[in-house]
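Structures incoming, each one as structure tokens.
Each of the two complexes below includes chain A, the first together with chain B, the second together with chain C.
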Partner chain A sequence: MIWQQFQSLIGSYPLALRGLGMTVALSLISLVLGTLIGFALGILRTGGNQLISRVIGAWVDLIRGTPFLVQIFLIFFILPELGIELDAFTAGIIALSNLAACFICEIVAAGIRAVPTGQVEAALASGLSRWQRMRQVVLPQAMRMSLPPLVGQYVLLIKDSSVVSAIGLTDLTRVGWLVVQRVPNGLLVFAIVGIGYFVVCYPLILLARRLESRMGAAHGEVQL
Partner chain B sequence: MLENFSFRTIVEYLPLFGHGLLATLWLSVVSFAGALAVGIILCAMNLQRSRLSKVPAKIYIDAIRATPLLAQLYFLYFGLPRLGVVLPELVVGILALSLNSGAYIAEIIRAGILSISRGQVEAGIASGMTYTQRMRFVVLPQAFRVTIPPLLGQAIVLVKDSALLSLISVSELTRAGQLLASDRFMPAEGFITTAACYLVLYYGLKGLAALSGRWLGVQSVRSGA
Partner chain C sequence: MIEFRGVNKWFGALHVLKDITLSVEPREVVVVCGPSGSGKSTLIRCVNGLESTRDGVLVVDGHRVGDPTTDMTELRAEIGFVFQSFNLYPHKTALENVTLAPIHVRKIARSAAEEAGRELLARVGLADKFNAYPSELSGGQQQRVAIARCLCMRPKIMLFDEPTSALDPEMISEVLDVMVSVAEEGMTMMVVTHEMGFARRVAQRVVFMDAGAIVESGTPEEFFSNPRTDRSRAFLGKILRH
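Coming up: the complex of A and B.
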């Protein structure tokens, strides 16, 4: 019985591969977009313009305050009403990138705020331009602090990509859902789905932990 | 544009959203209580010296953190009947949320306990306190203070995660939005109202986190992950 189910599961491996590919594609594209937009937003957020900072803060709060599932539904069902035609994949990318951008914006902003003002003042005194200050003084130091939570955020992003299966994208979770209709063994099917995610996420979790302990050590040096 | 956005329909469906809001609220409270229990047990296991209790806790925590909640939810939803355990969707949902959040709470509590400086424990030992006394009078009261704000942050995450329960047709807030969207073909009305209800919960919990931070004299930890 179990053996038959195994065989039937092995038979559906092309579907599983496609699902894994979809999960990786979704995560990778929105990871890149989310990081770029998130950094831009984070720099703007701490840029000194009150209005821009407030607007970004309000948007981030809206996104952090609502479930991702609801955001996907909003984007997938409402943008077409506004005359923007989009397929499920684009909707998923928009939703995921937006989510990632908002969280990364906060991470980057926190990193920038943690850079001592003396550093900025020294850069000012050295006659560096705004862009040079950001690029060569503030960001490198902010990055050190932002890196561990950033990697943690990527793990969340990969996991959140499972939610887009709700609008019918055939990602890893959706594949599990499809297979379980045919092979009625939820424990087995979703254990395999879980392993699929684990293989991608666990190394990232380990990396985040290592970065964090390394950063802790680096901080210890400075404090001593 | 959304020129025919119908507030009247929203008002008509308001009781449904009220029910949804209440359902989300109480199922979150129940799940959070469950998650606290799971988290405390896991953390206690994790802090033991014996590998026999430490390793399973670590494996569990890592397995939960490296897989999406939706996959865990489906695992229970499609898997439990296989073991002969047939539970209503709502119970499966609460179980999944508790087991999921429990892993994160275990880490929060552990971080709180480990943040107590070594000197405090040593002072306890020097005063002749037993292990239980040290935990009870020295470590836990201090750890409690620093864990409250991140615990509230986890509560926010849990409330948002509970939206996934709509996918196994538990009737809660997101489900209410889906019903309005599909009954009347009004997704905008449905999901904007849903989002607004979640925002009410979010700002409530966020305010509570900020307040607790001030009361306890701890810097409010960035809430919501």
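Coming up: the complex of A and C.
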């Protein structure tokens, strides 16, 4: 019985690969976009402009304080009513990138704030411009502190990507739903789905742990 | 070179600089001393705009500090500042600390900056520490790197904010020796310090501050042998006792 189910599961491996591919593609694109936007937001958040900082803070709070599923529904079902048509993939990317950007913004901002004032003063006193201070002095030190939580955030992002199956994208989780209709063994199917996610996330978890122990190193830049 | 005319500063309700008038000539070395909280650090932090002033005029190297038309970034490049807590960049080696601003602010070629940096580090006695990170250096060594970092910009003015206060006693003289040699080369310097030996050796003038005001100003000989006010006598009594 189990053996038969297993065989028909093996038969659906092209679908599973497609799902895994979709999950990885969604995660990877959102991870890159979210990181870029998150860094920009984090730098702006700690910059001198109070208004910009407040607006970003409010947006981050809003996104962090609402369920991701609700955010996806708003983007996919409500935006078209305002005349913005999005396919499911684009909607998923937007929602995931936005979520990642908001979390990464806070991580980066916390890292920047943790750099001692004396460092900024030394850079200021030597005549470095605003961007040079950020690029040469503040960000490298902020990165040392931000990197472990940043990688941890990537793991969360990959897992959150499973929510996009709710708007019909055939990612790993949705493949699970499709397969379980043919192979009526939910435990087996979703165990395999879980393993799929774990295989993608585990290297990142290991990386985060390694970076964290590197943080204890007294000096030098973090090298990946 | 540096001129304060009627400068005032408040931290909230606290009047930290009271009507400061002081002028420092080119090549002059002025030591600023006074009890803690007297405003001496605030005074020199105003010179390169790390602190803002509220009224009065402060002219440095011909530029008005705090004036919207003054490019403070440009002015700061001409002013070296040595901090009490060194503030070396922990993610950069000694040589990288020294060459960062010359490369990015002065736009000097990396090779030329590194050559100048090695020369300066050798001059402050750290020829064997080019590639050491700040965490691998003692306090005295870090402060000497910090001085070399300022010198590598070829500044017109150097400001020292209690450069030896965070050091273990046995490391104070190695830093003071470097400062003396910088002074003897004719650098314009304002030095906040309680190292009266240094003041006697190289300062043309000692300025004594208390409660945000300049109470007394004179040559080291005058100030040490014949302090004119009760407050300066009390202060000298405390720091010279041991």
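Note that the second predicted complex is superposed on the first by the 215 of 224 C-alpha atoms of A that agree within 3 Å, B and C clash if a C-alpha of one lies under 4 Å from a C-alpha of the other, contacts with A are read in each partner's own complex, and residues count from 1 in each chain.
Keep in mind that, in the parts below, a residue touches a chain if its C-beta (ideal position, glycine included) is under 8 Å from a C-beta of that chain, and two chains touch if they have at least 3 such contacts.
From a predicted model like this one, the values you see are computed outputs, not experimental measurements.
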Q: Considering only touches as defined above, state whether A:159 meets chain B (first), chain C (second), both or neither.
A: first
Q.
Going by the contact rule set out at the top, does A:201 touch chain B (first), chain C (second), both, or neither?
A. first
Q. Touch check for A:121: first (chain B), second (chain C), both, or neither?
A. second
Q) Now for A:136: first (chain B), second (chain C), both, or neither, which partner does it touch? A) second
Q | Most chain A residues touched (candidates chain B, chain C) | A | B
Q: Would you check which partner chain A:73 touches, where first means chain B only, second means chain C only, and both and neither mean what they say?
A: first
Q | Contacts of A:184 with chain B and chain C, given as first, second, both or neither | A | first
Q: Applying the touch criterion given at the start, work out whether A:144 contacts chain B, chain C, both or neither, answering first, second, both or neither.
A: second
Q: Would you mind listing the overlap between the chain B footprint and the chain C footprint on chain A?
A: none
Q) Across the complex, what residues on chain A touch chain C? A) 116, 118-119, 121-129, 132, 136-137, 140-141, 144, 218-221
Q: Quick one: which bits of chain A touch chain B in the complex? Just the residue numbers, please.
A: 61-62, 64-71, 73-74, 77-78, 81-83, 103, 106, 110, 155-156, 158-163, 165-166, 172-173, 176-177, 180, 184-187, 189-191, 193-194, 197-198, 201-202, 205
Q | chain C residues touching chain A - in the complex, by the definition given at the top | A | 48, 50, 73-74, 76-81, 83, 85, 87-91, 100-101, 104-105, 133-136, 149-150, 153
(Q) Considering only the defined contacts, which chain B positions touch chain A in the complex? (A) 1-2, 62-63, 65-72, 74-75, 77-83, 160-164, 166-167, 174, 177-178, 181, 187-188, 191-192, 194-195, 198-199, 202-203, 206, 222, 224-225
